[in-house]
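First the structure, then my questions, so here it is.
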Amino acid sequence: MEKILNSSTGYIKNYIHYFHRRIYFADTDAAQVVYHAEYLKLAEQARTEMLRLRGYNYNYLKRNYKAHFAIHSLSANYSKPLKLDDEIIIETNVKSLSGASIDMEQKFLLLNNKDMHLASRLNIKVVLVNDKGILIRLPKKMFKELKLLVV
Amino acid sequence: MEKILNSSTGYIKNYIHYFHRRIYFADTDAAQVVYHAEYLKLAEQARTEMLRLRGYNYNYLKRNYKAHFAIHSLSANYSKPLKLDDEIIIETNVKSLSGASIDMEQKFLLLNNKDMHLASRLNIKVVLVNDKGILIRLPKKMFKELKLLVV
Amino acid sequence: MEKILNSSTGYIKNYIHYFHRRIYFADTDAAQVVYHAEYLKLAEQARTEMLRLRGYNYNYLKRNYKAHFAIHSLSANYSKPLKLDDEIIIETNVKSLSGASIDMEQKFLLLNNKDMHLASRLNIKVVLVNDKGILIRLPKKMFKELKLLVV
Amino acid sequence: MEKILNSSTGYIKNYIHYFHRRIYFADTDAAQVVYHAEYLKLAEQARTEMLRLRGYNYNYLKRNYKAHFAIHSLSANYSKPLKLDDEIIIETNVKSLSGASIDMEQKFLLLNNKDMHLASRLNIKVVLVNDKGILIRLPKKMFKELKLLVV
């Protein structure tokens, strides 16, 4: 836990990436909870840091494949609201891979003392898009490496 | 069409609400397309104006039921990217109702000359939450009125 | 007033552009007022529509000058909070011009019955940047045309 | 430097708070730089963590004074654009105090190898507002403690 809380890039253990974040005013709305669209922005941060730790940062993708990740589709379930100053952990893991897409699951966990409560769950299909906006297949090396992360 | 384009609250025809919007820098990201989370913010505007035209604005809900709408769950499919200055129409309609939730479908259509192309589709389950954050049933009057909108 | 309220692109009268907008959940924060950064996003919409009505939309700038507007600096004063569902008018006008920058003033006015109350004021210096991110001088035609708007 | 980079709450040295952050897609716009309003959201995070380290987190303010910080006014200068995946340090320090407001300066520094380049500068006047939205004076204890931080 200590390792997660003191890191701005998160921490990988048993194929799961853990990312710590506080909730700020910018994340919330007049219902005094985190606005539903803001979860997607926080999830991008967690995914990006997971992929960076695996070697796939923006610059690597751009330099090697002239490509970037884009969102094909997603679904979100909000079970427990998050509030100002809450401490959360975002768990990210790769669920499955096809030749042209990566399915990830991201869980938002509310930290309360030392317990963690599931607050919401995001399933997201990520694809690789070249600099003309055209969908490309996952490079073999990437496919192989990410395949190892599917439990 | 004229009626849609010159309105900031949108227009209802045959149970479907049409809402016109341009794409601004604030909606886009470094991939030079609309950022996936921003669709959810635009969709909130369209839903809010649809509900306002049906009589269910924020103040009415607050005054009569001490309640507001919250998002239970959603799914989004992004098929065609939207770009800076694009003109879009958001179509919103009620798909089904239960005693405690409203299922809506929202389509993002790209206007190009006089054609419209489906850019993305959002399905969203909306619930009613009281001022303590507790889920409440849809009031009978609201249920009856919105039931009429389900085609 | 009627003209302002029913338009999604706003309305120009006596060199001032008027843009109507409602406040949505996405604009607000847990203090139940509009979050200070969101004013800048709303202001971008108003400026963009003012410039579009004057002939300077994104595509025109891109096609003719391979350029886009960027923000050099700004100052904001928040005097009266804006709340969920508030109806506002954003007034935009050109205050002064130099060879390479445009100074605009934008006022956020809260509509209440038929009165308007100043809620906040934004002063913003806009520059023109080419596709390499380099500052360029305002084209003569643009300079002349915008100069006419300075009262 | 090591201490800054591996922390999600930042680090205080010689009265200045240092906060490390990466730039994500959500921060950027179609000009492929950080959108001007997003700086304000990042600055909120840095200020919040500085105040937390000093003992003034949201819950403390709420419990002890039924109050929260609000923005009175701000000015921003953007000198150097920030891009996707850039590593930045936000420096926050208290410039001056009055009985009812705190003036802070926040600098956005771009990390490049081991150099830091000023990218933008934010000056912000923060006030304390009670749960009815009314401005209140800074409590004596807070005033004394923050006064010590003014260099």
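We call the chains A, B, C and D, going by the order they appear; numbering starts again at 1 in every chain.
Please note the rule applied: a contact is a pair of C-beta atoms (placed from the backbone, for glycine too) under 8 Å apart; a residue touches a chain by one contact, two chains touch by 3 or more.
On a predicted model such as this, the values are computed, not experimentally measured, just so you know.
Visitor: Can you list every chain that touches chain A and also touches chain D?
Guide: Joint contacts, listed by label: B, C.
Visitor: Quick one: point me to the chain whose Cα centre is farthest from that of chain C.
Guide: Looking at centroid distances, A is the chain farthest away.
Visitor: Quick one: chain B and chain D, Cα centre-to-centre, how many Å?
Guide: Spacing between the chain centres: roughly 35 Å.
Visitor: How far is the middle of chain B from the middle of chain C, if each middle is the mean of its Cα atoms, in Å?
Guide: Once rounded, the distance between the two centres reads 25 Å.
Visitor: Residues of chain A touching 2+ other chains?
Guide: Chain A, residues with two or more chain partners: 25-26, 31, 33, 37, 41, 44, 84.
Visitor: Once bound in the complex, which stretches of chain B touch chain C?
Guide: 5-8, 20-22, 24-26, 41, 44-45, 48-49, 57-59, 84-85
Visitor: Which positions of chain B touch chain D when the two form their complex?
Guide: 25-26, 28-33, 35, 37, 83-84
Visitor: Spell out the part of chain D that touches chain C in their complex, as residue ranges.
Guide: Residue positions touching the partner: 31, 33, 36-38, 40-41, 44, 68, 70-78, 81, 129, 133.
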